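Each structure below is given as structure tokens.
Both of the next two complexes hold chain A, though its partner changes from chain B to chain C.
== the complex of A and B ==
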């Protein structure tokens, strides 16, 4: 066997499942917060409600699902074995779940003590996760654009965690630090340096594989992640209190926006060239995400160039809704509908033996169930985007977001229950065959 | 005479190529080789092959196609 490719080293199925089953709960919490606070959530990005909402989605939903997927994907798909996978899983899951609760409670309640607990707890657990994953990514014999993008993405996560911990420490210990500047850089590394590069690295692998498209062009996969890393770094430096020519920051932001828009544009083009013209839920989730991605980039460019757009009160909520509800949540939902049935099938194969037929991937979560969640999520997205124009739409938008996340949770529970049922059936058949022999 | 069976999984959605491979291995005579063609390394398959007593070696063609040669260990 080739080194580092052992499926035996892949963590048990309960590892990713606990992350996947927890993520939608925070999506439901975000919807409830929207219902509770109503139009208050849209006033500014700096309110306690907006900060709590952002972290419920970014850490509670997105990071939770991303970490679970990465822990499972690295050994199986990238040949990168995680050191002490069970311990790392427990620590990371606890860090994400309890850490999100502490952060959100801290934002809503304003108690410095909550941040004083959250800072060391999240820094140690998430920092350890990022370092261990980064070491695994440097030690794997596998090479290629996905590995390079993932390495930079995990570095981006470390930057995001460090800045996030610094920001939370200012709330916990009343430190006098430039909060606004740090927040801009923290958000850019979280969404761009970590989220987008993880998305791109995974897309290079899974879009051609699951959607039967041509591969991503080499000029894109070779240069995209490295170019984005340098642009993000240069843009971040412009926030330091140094002398610099006017307009450099806006120019770098526009350059980064023009660079990142290439990714969704190419993805949509590849999807149009797929070899089998089958329209299934994951494809639809990805398409919506890529369209929202392009829309978000256009908004960012307009923000840099047009003063009236920059001054528009609803802009932060619009960008937040586009990026989190429009881009990352649909991509994650779509990927979960591939990952969970595939993991079920793969782990069932381990129980079985040659000649013993394992249930088909399509039997794990029925497609109409996934389509229903897609429709609910689309409704949530449209209503929440509409809320930037007419704020009372935040109420049906919040309700639709809850419905989408409840449906996603139920679909994942169905997937987990089907795995348990099929493994029991396989074990019974195996025992019967052995008894007969 | 040693023969070779071919599964071209390049136009298939995972795990269809793996399902077909595992089904084909059930009837693969000793000494005969199965060739699987894909656009990526089927890393999860390698663990299953080792678990079930099969050896494999792979190499990538210039067009990006990965050839996986499988036979009984």
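== the complex of A and C ==
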């Protein structure tokens, strides 16, 4: 294999930054929607509010940040070069940003026209992104469990997009399709097939790296993503209108839940064995995420086995809050606080020269600022989970979610502005040195 | 994994351990312990760079004829890491916990992605190109223990 090993393959810093700076805006919008709708948001997962909320967080925040990070990471960490990176970036960013707005407006307003625009627009932009990334992942000479997990994850994204487009088409053109069955499969592939496998594939690389933990055990990295893929596929087939023995669907769901819980359990154990002893924001974000992950799996198992749990009205909101506000948003925040400062530093190295000191990562975004957002996010999580028991808590929960996302956005803006400021300073210093020489 | 680079691979872990001790000491404000553990860490890093730049890379380059390739990228990253070590040196001298922690955080990410590239790509290439060169292996081991 002959990847260049060089950072020269990385895209310009504006590529990932535009995604990172957009994502928190949709988190803020989700918080505003919670304040506007109040306890109405918790009634059922099928209300227009619940669907809009889900997509503000899942597409607007999560997918937005994930795509930006993937475009940055693929050439550097996976040796996978993206075809036409600039065009793909524009198309994907527009697809995610305008697409989320169209979808959310469609859910809230109910206008079929909005879905009629969203379906082709998002299918083309996000579908092209997924296909191009998948091709890059198959053409890279790099190997290993991360590449395998990422390939399956991107396949999961394609399944999610296809089912999502089908569902949106039923709203746009009043098609008679089995909405509930399709929605279950769409959500499972989005969160499990795509989100979780992307998380796992990235974790295999970054958890040992950032915290100096032992590596993930080979038995896990070798079989986890493939096993989850087969279980998800089998479970999805049980939603087809075919004759099958009773209980197969619940059994497969429980098997998948028991499989996926291994990942957060092992991650927490590895973090417990870390050689790096200091506690820093990224570690805290990851630990909260892994604990919420285990809690979400326990809820899913209880839902399969206990009828009263399945019938509980607050269950979808509880699961949504645990998985999106509890698992993915914290991991993404924690990752952004490593990615953005390090990218700043790395790109500034190109301007500087040996001996010319480039400000370090903590000078890009100060740690106390990150800790503040961590506390706000934790407050949002606790309040929103509490809202499933006492619905008025949705108001302070929504406020805390807005505060957390505003803080995140501000921290990222500070990071981007520091990049611009330090670039100017370095260039001035370099010019002064050259003039003196 | 076996071959001539095994000792370098193991040495990465030693550097990690020394890094963690130094960072923790600075975080606690224990500058005496930090000076001792950081000294061990810096020495281990500089020894490691030296062995690669003076023994392994030249052997690989003369064997394969690849002089402007991966070894050049790794040399460039060594320069960046030496700069960060100097920043940690200066912060230690000033007993500046923020400066030390910030440079350490940056060095950690730099060092880990660098090690990953060496362990997954460059070392296997070296093992393949240089085979079981016992003399080279013992020079590397001796260099690391010097």
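The definition used in the following text is that the second predicted complex is superposed on the first by the 432 of 437 C-alpha atoms of A that agree within 3 Å, B and C clash if a C-alpha of one lies under 4 Å from a C-alpha of the other, contacts with A are read in each partner's own complex, and residues count from 1 in each chain.
What we mean here is this: contacts are C-beta pairs under 8 Å (C-beta built on N, C-alpha and C of every residue); 3 or more make two chains touch, one makes a residue touch a chain.
Computed from a predicted model, the values in this text were never measured in an experiment.
Steric overlap between chain B and chain C is present once the structures are superposed on chain A. Touch criterion not met for A:430: it reaches neither chain B nor chain C. Within the superposed three-chain model, A:350 lies in touch with chain B and out of touch with chain C [touch as defined at top].
By the touch criterion defined above, A:215 lies against chain B but remains apart from chain C after alignment on the C-alpha atoms of chain A.
After overlaying the two complexes on the shared chain, residue contacts for A:98 are found with neither chain B nor chain C. In the superposition on chain A, contact is made by A:275 with both chain B and chain C. Of the two partner chains, neither chain B nor chain C is touched by A:108. In the superposed model, A:362 makes contact with chain C only, not with chain B. Across the two superposed structures, the residue set of chain A contacted by chain B and also by chain C is 1, 5-6, 76-77, 205, 208-210, 212, 275-276, 342, 345, 349, 354-355, 360-361. Chain contact summary for the complex, chain A toward chain B: residues 1-2, 5-8, 10, 76-79, 205, 208-210, 212, 215, 275-276, 342, 345-346, 349-350, 353-355, 360-361.
By the touch criterion stated above, chain B contacts chain A in their complex at residues 11, 13-15, 18-19, 22, 25-26, 39-40, 43-44, 46-48, 50-52, 64. Chain A contributes residues 1, 3-6, 76-77, 142, 144, 205, 208-210, 212, 275-278, 280, 338, 341-342, 345, 349, 354-355, 357-358, 360-363 to its touches with chain C in the complex. Chain C contributes residues 16-17, 19-20, 23-24, 27, 69-70, 73-74, 79-80, 82-84, 87, 98-99, 101-103, 105-106, 108-109, 112-113, 116-117, 120-122 to its touches with chain A in the complex.
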